[in-house]
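Down below are the structures I want you to see.
Okay, so chain A shows up in both of these, paired with chain B first and chain C after.
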Partner chain A sequence: MLSLLRGSLSILGFLALWEIAARSGLVPTDYFPAPLLVGETLVAEIGRGEIVSAFVATFLRALIGATAASLLAIAMALLAARYAIVRRAFDPIAEFLRPLPPAALVPLAIFFLGLGWKLYGFILVFACFWPVYLNAAQALAATPRVQVETARSFGYGDWAILAHVRLPAALPTIFIGVRMAASIGLIAAIAAEMIAGRDGLGFYLMDAGLSLRVPETFAGLVAAMVAGLLINALVMVLRALTIGWHVQLTRMEAGA
Partner chain B sequence: MRRLNVPAIVLGLLLLGAWELAARAGQNSFFPPFSTVLAALWANGGVIAAQIVDTLRRAAIGLAIAVAVMVPFGALIGRVRFLGDIFEPLVNMLRPIPPPAVAPIALLFAGTGDAGKIAMIVYTCAFPILIGAIDGVRANHPMLTNVGRSLRLSRLEIMAFIDLPAAMPIIMTGIRLAVAAALLVSVIAEMLLTTNGIGVYLLRSQENFRIADGLAGVVAIAVVGFLVNDLFLRLDRRLLAWHYATTGGAEGQG
Partner chain C sequence: MTVPVLNATNVTKSLGGTPIIGGLTLSAEQGEFISVVGPSGCGKTTLLTCLSGLRNVDAGEVSFEGQKLDGPPDGMALIFQDYSRSLLPWRRNVDNVLFGMRRMTGVSAQEKRAKAMEMLAAVGLSKFETHFPWQVSGGMQQRVAIARALAARPHLLLLDEPLAAVDAQTRADIQDLLLSLARQFQKTCLLVTHDVDEAIYMADRVIVLSNRPTHVIADLQVPLPKPRDQIATRSEPEFLRLREKVLTLIRSMRTAA
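What follows is the complex of A and B.
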């Protein structure tokens, strides 16, 4: 509670300094509009509705893309954990494709997939898949031997051990990957929108920036920030719902 | 030394073979076979290499600036509570802004030249490095500082010879995340603020319907990205050999 208060104080202080700097003419307001003006513009833009539909389009793209990629990646990691040969065959390919910037695929992917949902589906799944897969594969391989052997002595088969022992044990690490995937999803969605240039926050930002509507650009930036906060919060809620036991356990160990 | 990974080679060849056959069967000029892409890579090798050098140069400069500024800054925020109280909420506020979203503002301030792109790269790299540095110095065992004190090291000496090396493993993880991000944003920045670089090469290939040439560029980026990440992984292992020797070679994944 206290840290929340201190945090908002620090942010308010920063905004106040910025407002003063803008009003006194220390920074060029043409390029660096005062926060109050940005706030007014944001409210006006929300009234006009364009920024809202852009926000919704971008957010849904990121959310659906990251979700689909996470499920695919976890399925692939389970296969890799069950069959060593899958992991051995797939991991080098993963290492090779992972550093490929998703944005680099956009111009050529437009030819195959058009400008619609297929393009965003492909780019987002490609971008979000790797962090989840790599974290999941690594965590599934690192289950403590004792746990696996215990389950085996209770007569669990390989698949049952995977589902009831190794997957739950790996979930905390998998969520690290999912959290990365969520923020990467938003980055990829905005970058793709900027390059494909038709709708979404990426297009809104580029359009406002290139036509020198500076307060609108900053309003778009605030919207992008809210999207980032929101998608991260969603992951954290999901994490608390699925692995609340782990969160409580680590807090108890750390706090006691 | 290293065993040949037969399953990976087989899977890789199968995928490339499927691509080749599907493209040859389809006869679609938008979907060239792999062999055509390889030929395009060979034919355009010089151009692609020159563009990638531009891309890598900006990524390296941006990364270097981010490391030089953010490691000391993070150490300071992490160590001095008063500064942490002021700056950490701001860091947490700015962190969720997706890097490409700052492109229009980088454009306003710094134009479409190197400065605008490098500014975007610095912004992107700043957060993982800064957070690595903050967490790194906070995770230090207090005993280490006490040892430094009993050796009569000054505050500055403790920071330089004890805090920084002890925080290095976590800082390096942040830097490795930043390396991948730098390359990514360098390409995005080129596509948005077009002048030169591999991102522009890809856009031009698209505009002129030279699909095979474009795919050759994508293959080249994949290879370079892989090599750069591998280089930093090796660097990490070499610099932090002492750390992995005690922890049993932990494998961090970015």
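What follows is the complex of A and C.
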């Protein structure tokens, strides 16, 4: 509680300094509008509705894309964990494709997929898949041997061990990947909207920025920040619901 | 003559080209408590994984209740030394016990749960059913592992140095708990340990293993009165005689190695 208060104070202090700097003419207000003006613009924009629909579009794209990619990546990692041949066949492909920055794929994807939802689907799933797959594959391969042997001695077969031991044991690490996927999803959605979009925060930011509506551009930044905070909060809630035991254990080990 | 619960004949096993077990023969009769001791690094744990069906043997044969082993059989349960890792940290203690009851079919979930609670009570953990394993002490964790093994209703319990990692007081308590449970549920037990005193204290029979590739070099009856007592039993002349004999055997192998 105290740390939250201290955190808020330092942010408020930063905003106050910015406000003073803007008013005293230390910085050119055409490019760095004062926080209060940005706030007013944001309220006005919300009233007009455009920024709201842009926010919703981007947020849903990131959320759906990251969710679909995570489920796909976990399924793939489970198959790779179960069948060595899948892992041997897929891992070199993963190493080959992973370094590709998703935004670089947009022009080619437009050519094949057009400008609609298929484009977003492809770019987002491609961008969010890797962190989840790599974390999941690594964690599923690292189950403590004694847990697997215990399960076998109690009559669990390979699939049952995967479901009852290896997957639950891997979930804490999988969530590290999911959390990365959520923020990457937002980055990829905004990047794709900037390059090829007709709506969403990426389009809104480009539109406002290129037409030199600076306060609106800053309002768009605030909206993007809120989207980032919200999607991360969703992951953290899901994590607490799924692996509450791990959250508790980590806290205990940290001595808090 | 009845069929032995466990029978190993001329078992040979190598791991990564190193011979670990070399022509080992032993058997366990119904209701017996057997301790297996040997010099450190002689392959006790490998032996146990072979006896439990977790590993196949290279030559020879292991049979359980007359059936040749091919994978871990129904009716055998293992208790590992590494209890903190063999328990599943995402399951509460009662759910860890339930984990051991997979082979119990045709029983409602409610009955299973009741049975799991009963087993936790038998090891003295009634109040800790809903704790996670990592919320209780090491000794309690090993008790959860014991309850889980018993809940599988095994005829044979294999114990792999289960008390090596707990403090002396807890070790004595759990030794006595294991003895009374083995008696109460009429289990056949095979305990692998490096602690000679523990081996004699617990067992009806002590089997001494050689260096690698390991085989049986002595098979000694323990004619000590039961129930055992931590103070009285350990000061019996017979206890001391056996202790000296086993320690001498192990020392002779250490100098030979």
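Basically, the second predicted complex is superposed on the first by the 255 of 256 C-alpha atoms of A that agree within 3 Å, B and C clash if a C-alpha of one lies under 4 Å from a C-alpha of the other, contacts with A are read in each partner's own complex, and residues count from 1 in each chain.
The working rule: a contact is a pair of C-beta atoms (placed from the backbone, for glycine too) under 8 Å apart; a residue touches a chain by one contact, two chains touch by 3 or more.
The model shown is predicted, which means the values in this text are computed figures rather than measured ones.
Participant: Of chain B and chain C, which one touches more residues of chain A?
Facilitator: Larger number of chain A residues touched: B.
Participant: Name the contact category of A:His246: first (chain B only), second (chain C only), both, or neither.
Facilitator: Touch partner of A:His246: chain C, not chain B.
Participant: Between chain B (first) and chain C (second), which, if any, makes contact with A:Ala191: first, second, both or neither?
Facilitator: A:Ala191 contacts chain B only, not chain C.
Participant: If you stack the two complexes on chain A, which partner ends up touching A:Pro144: first (chain B), second (chain C), both, or neither?
Facilitator: Second partner only, chain C.
Participant: Considering only touches as defined above, state whether A:Leu221 meets chain B (first), chain C (second), both or neither.
Facilitator: Only chain B; A:Leu221 stays clear of chain C.
Participant: With the two structures laid over each other on chain A, which partner does A:Ser153 touch: chain B (first), chain C (second), both, or neither?
Facilitator: second
Participant: Contact-wise, after the overlay, does A:Pro168 reach chain B, chain C, both or neither (first, second, both, neither)?
Facilitator: A:Pro168 contacts chain C only, not chain B.
Participant: Go through the superposed model and pick first if A:Ser53 touches only chain B, second if only chain C, both, or neither.
Facilitator: It touches nothing on chain B or chain C.
Participant: So which positions on chain A get touched by both chain B and chain C?
Facilitator: Looking at chain A, the two contact sets are disjoint.
Participant: Once bound in the complex, which stretches of chain C touch chain A?
Facilitator: Per the stated touch rule, the residues are 49, 52-54, 71-72, 74, 76-78, 80, 82, 85-86, 88-90, 99-103, 132, 134-135, 152.
Participant: Quick check on the complex: what are the chain B residues that touch chain A?
Facilitator: Chain B reaches chain A through residues 5, 7-8, 10-12, 15, 30-31, 85-90, 92-105, 107-109, 180, 183-184, 187-188, 191-192, 198-199, 202-203, 205-206, 211, 214-215, 217-218, 221-222, 225-226, 228-229, 251, 253-254.
Participant: Given the complex with chain C, which residues does chain A contribute to the contact?
Facilitator: 144, 146-147, 149-156, 160, 164-165, 168-169, 171, 243, 245-246, 248-249, 252
Participant: How about chain A: which of its residues touch chain B in the complex?
Facilitator: 6-8, 10-11, 13-14, 31, 85, 88-93, 95-108, 110-112, 131, 134-135, 138, 183, 186-187, 190-191, 194-195, 201-202, 205-206, 208-210, 212, 214, 217-218, 220-221, 224-225, 227-229, 232
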